Structures are given as C-alpha cells and as structure tokens.
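Working notes for the structure below.
By written order: A, B and C. Residues from 1 in each chain.
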Amino acid sequence: MKHFINLNDVSDVKELVLEGLHQKANPLANQNLGKNKTIGLIFFNSSLRTRISTQKAAINLGMDVIVMNVGSDSWQLEFEDGVIMDQGKAEHIKEAAAVLGQYCDIIGVRAFAEFKSQEDDYREIVLESFRKYAGVPIVNLESATRHPCQSLADLITIEELKTRTRPKVVLTWVPHFKALPQAVANSFAEWVNETDYDFVITHPEGYDLAPQFVKNAKVTYSQEEAFADADFIYAKNWSSYSQYGQVLSQDPDWRITPEKMALTHNANFMHCLPVRRGLKVADEVLDSPQSAVIQQAGNRVWSVQAALKKILEEL
Amino acid sequence: MKHFINLNDVSDVKELVLEGLHQKANPLANQNLGKNKTIGLIFFNSSLRTRISTQKAAINLGMDVIVMNVGSDSWQLEFEDGVIMDQGKAEHIKEAAAVLGQYCDIIGVRAFAEFKSQEDDYREIVLESFRKYAGVPIVNLESATRHPCQSLADLITIEELKTRTRPKVVLTWVPHFKALPQAVANSFAEWVNETDYDFVITHPEGYDLAPQFVKNAKVTYSQEEAFADADFIYAKNWSSYSQYGQVLSQDPDWRITPEKMALTHNANFMHCLPVRRGLKVADEVLDSPQSAVIQQAGNRVWSVQAALKKILEEL
Amino acid sequence: MKHFINLNDVSDVKELVLEGLHQKANPLANQNLGKNKTIGLIFFNSSLRTRISTQKAAINLGMDVIVMNVGSDSWQLEFEDGVIMDQGKAEHIKEAAAVLGQYCDIIGVRAFAEFKSQEDDYREIVLESFRKYAGVPIVNLESATRHPCQSLADLITIEELKTRTRPKVVLTWVPHFKALPQAVANSFAEWVNETDYDFVITHPEGYDLAPQFVKNAKVTYSQEEAFADADFIYAKNWSSYSQYGQVLSQDPDWRITPEKMALTHNANFMHCLPVRRGLKVADEVLDSPQSAVIQQAGNRVWSVQAALKKILEEL
C-alpha cells in the first residue's frame, strides 16, 4: 500500500480487515518491520484515540514516533497556490510537507473539515497536498471527509462480534448542538459499502450524506424502521451536507435509548467516541453489555497497525 | 503493587524508599522489565519535573512512553455520573479511562485540585475515576490532595542526607499570593508519618492541614519553635483547608531566611519546586550548600522508577 | 565539543561540515553512541524543522528524546537574578536548568529574541543561563542572536551544491511586515565568515547586522550589485539592529524574482524556512530547480547530528 488516505488506496478491504485481526492476535510479530523508520504524526486538531492508538501501533511495529501539533507546536500553514502570504500563515504546505518528508518515512495527518466551503473540504486540500508534496506515504488520521483508521477498526469490530454471516448494520444520526463533520459517517458508509452486510442509513430529512458515500445503501428517515432486526447500531452525529455544515435538527427523539435498542436483534451499540452521554445516547445503553465502544476503540490500534504494516512492506 | 495513587496502595514505605535508593545506584538494572510495555502520561495541568522525571524513569525501565495534555492535545473530560453532556466537555471519564486502558499498560495522571468544592477535591474524583474505569495500574502524578511521587523522593532525599538516626523534620508553611493546593503538604505529612522521624508542622493559624494527614504530628504556630534543632526544613505554601482554598495570610515573616536557618541543627533546606525566589525563600538559602532542592528534584526519577518497578513486577 | 551554543564552542568549522556530510552518508553508523542517553528539547517558541530534525538526529544516534514546550507544558521561567518572584513567572532558571540537568544528558533549547531590549537579547540570557546552571551540554536550537544548527546545515548544503572552489555567497534581506529576529542572518554571517567563500551581504539602509557578525564581509545596499555572478542567494528577512527590532522598510523591490535570479551565476536559492511565498520570494523561484530550500531543510538532520555526535563523544 502506498498511502492510506481513502478507500482508493486500499486494494482489498477484506484482506485488510483480516490483517487487523491478525495484528491483534500477534501484536509484536512485526517488530523488525519498522526498525529505524520514523513516523511523524501531524495534528491540526485535537485527538485522544487516534493520537495514542497510532503511537502504540507504530511502537508495536518497531518504529520511532514524532508527534507535532500544528499551530501550538509549529506554524500555521497556507494551502492555496499562488497567494501572497502576507497574513497569519507563515508557511506553505508545499514546503512544510516536503520538509516533513525529509525527516519522516511515513506521515500521519489529522485535519478536520473547516466548514468554510463544502468544495474546499470535499476536495481534501490538506491530505491531498501532503500526498502531492511530501514524497512519502501519508496516513489519514481523520480528514475533512473521511476517517479510514476508524472505519477499518469498525469493520474489525463487526467481524469480531457478528453472529450472523450477513449482519444488518445501521448507521444512525443522533442529535448534537454543534456542527460536526461528516467524516466518520462518510467513511463508515464508504467502507461498509465494500462489504456484503445489510447496510441501512437513517437520519432526519436534510441530513443525507454525499451520494459518493451513500452509493446503494438503503436510506430511511424512520429510525424505528431502520432498527428492526439490526445487529449493529452505529450512532454518530453529523451536520448537514446539502445545507453545508448547518445544524438543521437537535431532535432528542433521535437519541439512542434502551427502548430503541429493544427493537433490534440484540444489536451491539457502536460509536467512534468521544460520545456525549445523555445527549446522543442514554447511559443505560453505553453501560450495557451490548455496548462495543471500548472494544471498538481498542481496535483502533490494530486498524492502523494493519495499514502501517502494509505501507512498511512496500517502503 | 497494583496502583500508586495514595499511601494505601503501598505495603511497605521503608522498603519502597530502599528500592528508590537501589534504582538510583543501578538505573539501568531493570531495563528488560518494562520492555514492550507502554506508559501513558496524562496531564490535566502543567508539569516540568514530573513530566520529565517520569519519562526518564520509564525509559530506564525499558518502557515506551506516550504523553498527552488533556484540553490542548485532546478533549475536555466530564467526571460526573448521569449528566446530560450538552456543555463544553466532549468525553466522559468512563470512556476516556477505559480507552486509555486499551492502549497503555500503566497510566500516569496529573490532576490538581480545582478549588470549586472541598468535597469534590478530597474525594479525588479524577484519580479514583481512572482507578475505577481504566482497568490498568494508575500512577498519581499529583492529584487534588496528594503527590506521592514527590513524597517518596522527599524521603529518599532525607535518607541520603540525614546525619542522625532520628532526624527532626519540619514542614513549614511559607507565604504566597496565590491559592495553592494542599497536595504536596498533605502527602509529605502522610508519608513522614509512616517513618520514625521527629515530625513537626508549623504554619499560621487557619492553615491546619486535614486531620487525616496530620495524624499525630506535632503542630505549632511558632515557626521559631519548630526550627529549633531541626535537621530538615521543608518549605511549602498551601491555601487554607478549613476555609477551603482561601489565602488567609501572605505574612512575609514566614519567609525562609538565613537567620531562620541559623536556628536549626545545620538543617538541609527542601522544597518540591518550582519555588518563587525572594517570595517564599531568600536567595541566600537556595544558593547555600545546605539547599537540597536540586538533589531532591533529581530523586524524582528514582522515586517514580521504584514505584513503576513494583507495578511492572505485578503486571 | 562541550556545548553547541555559538561558534566559540566549535573548534573546527570545516571538520564539522565534513562530519555533517559523513552523517548524511552514514545515518545509523553511530547508533550505539547515544544509547541510554537522554536529550531534552526545551521550546520557548514554535518550531517545525528544528523540533523534528533534532528528534530524528537524536534517534539516529540511539538517544532517547524528551520534548517540552515551556509555558504550555510547564511553567513560565524567571531569568533575572535577585528579583522577588511575585509576578507571573513561577520558576527561576537557576532551578529549572539544574533540574533538567538532573534528568537529561544533553539539553537543547530554543528561545527567540524578545525585542524588549537589545542588550538583553544580545547577552543571550536564556542560553547562557542554561550553560551556567544546567551542568550538562547545551545545544542552541535558535537563540536570540544565533541559530548554529541552521548555519551548519547551510554550509553543508553549499558544500554539496557548489560548482566553484570559492563560490560567491550572497545574504540578502527580503521584505516582511513583521519584526523578525536577526538570529538566522547573524549566524549565517558568523559561519560563512569562517569559510573562504566570497561573501556579500545586501540590505536596505538601516538594516546593518551587528558588527561582530558582519566582520569583514562585503556589505552593499544594492541588491543588483550583490547578485552579479553569485552562486548562492540566501534570502532572509530581519528587523533593524541599530533601531532595534523595528521594521524600517517593507520595500517589495527587495523580493526575490526570476529576473533577479537571472543576474546570478545560475545561483541556488536558499532560505531557512518557513518562507512566505509571494511576499519574500516569487513562487517561480521557489519552484525552480535552482531552489535548494528542501535539501537545505533536510540537511538540518545531519547538521545537528554532527553536533550531537561531537558532544556525545566527550560526555
């Protein structure tokens, strides 16, 4: 694998899921693969799971890790071509990425949607600039529109927990007062669409994800209908794509409750975390044995470790 | 040792002090003990000594280290049960601790007193939540009411420097304009009370520490009386416990001066650092050969290294 | 080498440049030299290249690395002697440096000019305090008046690229709207003055560097005259030394353009980065094959690796 930015970089999703399960069973089996190789982790935004699970995975593979917060540790970066840089941004991505490529064998980058422009966010200017200018493999630690490390961990978790060959997997919107990115939802849809799961997306009107992520998934505005016989409930808030970045609804009826979980086929509850208890999901659901959120978060190590292994093998 | 949160986690203080001295004499003797083990250091507050000495100790034991500042690197955390998380805090400690426990074999946590409520601070909600939810050993890197890594280093330093079998050890309040936590003073008292030293605490009226820390130590409001024949002067400011978090006095007469040190049995001067020169203690005292503050800070490595060794042995 | 703070710490510049080239050719040849040695990197200011290249160099030499941002990670430091510390600064450099010296075998420090006082900046109070109090070797990661890791990388780059035995090297001021330190320009002049290159400095009136850095270099206020037959154009903005810290000119005629580069002997373009495209230099120059800025930044690893090797050999 050359990069791990979006699904196009992955030749075989199923094999990558199996690699994740294999890494989980044998965490230190490839300790020599990353020896004397350095991964730089560049954060434009906060992180807990991604920050630490990626460090852990890299360490498991024998790599050296350098972490940097853009903005507090270093300079603000400019991404537009041809501008006269006479404002707050001190360095252009052309130089920053190329320089980081001089120091690091692999670069991981987190850069959330900025919500200034749908077009800018959806052309993935930060991650694609790193791909273009760094000269080394890039790992997406959550970009404006995708979070592949999360999605791969999600599939690993479903594979571990599924009790039917073809589980019914439901991605449900849940309420939130802030405008959150679509990245996790987009990415989950993109990856599940590569499997043969029975996949349903449910959300209020106005919250349809971009068509390139939805593809042929079933979409319903009835959460109740979606939950019927479901094996996995994947809850996530996102802001509107069509009315870009807007909060059109905070409807508390979309919260996940024990009553709603009772409609399912004893489904596991999933969420990428962090999750706001009470607001998006009832404590009783998160604290129930059916909650898979900690296992899911734990699988973040094996997800990124699988991706890094694939990249290291081709370095 | 399962955790290193407070003195109840320690079975034998004297043996742990000896282990610290042993680690100092043989810093790299246990380099294999921590191999392929990861410690996560989680800072809710600033740190210099603790941050770096803990990293150094972990490295000496062969561990991998991951450091995270809560708030700037990651999300603000909620600690209360049953709340609807519709404010600034994006993640609950239940998830955060459990997730960190998935990535780390040991977790160190620094979380100062917030001074919003004596009850909240003294029930040690942050550290005890990590103990409850992380599922891995927790090391206290200074909590609301205690700083055991510091106290153990203090005892190691006294053992190195004492010239009498049963030295007279004086904990003295010194003035400061800010409301500082009681943690270092509490903890020092708690640990010294486990020794057979002659232990005296001196401070202005209104500054009595909580009874569970003072126990049977002698307490006097006369600094002069306390200093007579002392072998160790341990200076520290703290805010009032009874009028919780208040600055009742900034009396400059409580500053440590060469004249006061002359009352002692050629005592060593100790302070946990950082120390505000001139305000709490005269330059002449800090710059004298009797000042042990740098040695004491250096011993922070061996203190936490001893604790980590005990924890690693039972992992 | 005992320290790497300024040129006085270096016994033989040419040999150090050769060592840099040697490290570049053999990055892992000295992996055992730094084993079980810890370098602490202390940042009072932002950093990208220095932060990451120094970590990479230390890793290449087998060292353990601890990074700390002063102010956000730890406390604000006091540098003046004899003050009563009753303001915002919680710790004195006397303690902070001595304590860091207890934990680290080598300390790297970045502390920019503060522009409050020319005298304070030019006596290098931060770096010299570390030299005085830390008790271990200090590496200058850019100080108020110097940036030797950069200058050594610059000389390494010139040695790699020069096509004439005695190249003409031009340091040219370029416009900027902010008051930038003189450190990079000072240091470049200081180091080039140790070589036998034909060295010319050009800038508008009022921008003369301090005489101890200029020495016998040719100085001209005519950029055009300076560029004639030049082999290397080293662009950098700095604020006025004589009218200390002031921006006397933002004259866009001093920008580097393809037309100006055409005056040279097919010169390489150099800049320490970050560089503001359009403002200081035209995109066409930065994107031309003659631009050496990425190679120059890459050489930052070998520069500091050479210096660290020299220090480690004498530890």
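One rule holds in what follows: a contact is a pair of C-beta atoms (placed from the backbone, for glycine too) under 8 Å apart; a residue touches a chain by one contact, two chains touch by 3 or more.
Model, not experiment: these values are computed from the prediction.
Shared numbers divided by all numbers used gives the overlap of an interface; between subunit A and subunit B this overlap falls below half, so the copies present different residues.
Superposing the C-alpha atoms of subunit B onto those of subunit C requires a rotation of 120 degrees, given to the nearest 5.
Inter-chain centre distance (subunit A to subunit B, centres taken as mean C-alpha positions): 39 Å. Across the assembly, subunit C contributes residues 72 that each touch 2 or more other chains. Across the complex, subunit C meets subunit A through its residues 28, 43, 46-49, 51-53, 55-56, 59, 69, 72, 177, 273-279, 283, 286-287, 293-294, 297-298, 301. Residue ranges of subunit A in contact with subunit C, taken from their complex: 36, 38, 40, 64, 66, 68, 72-75, 78, 81-86, 90-92, 94-96, 98-100, 102-104.
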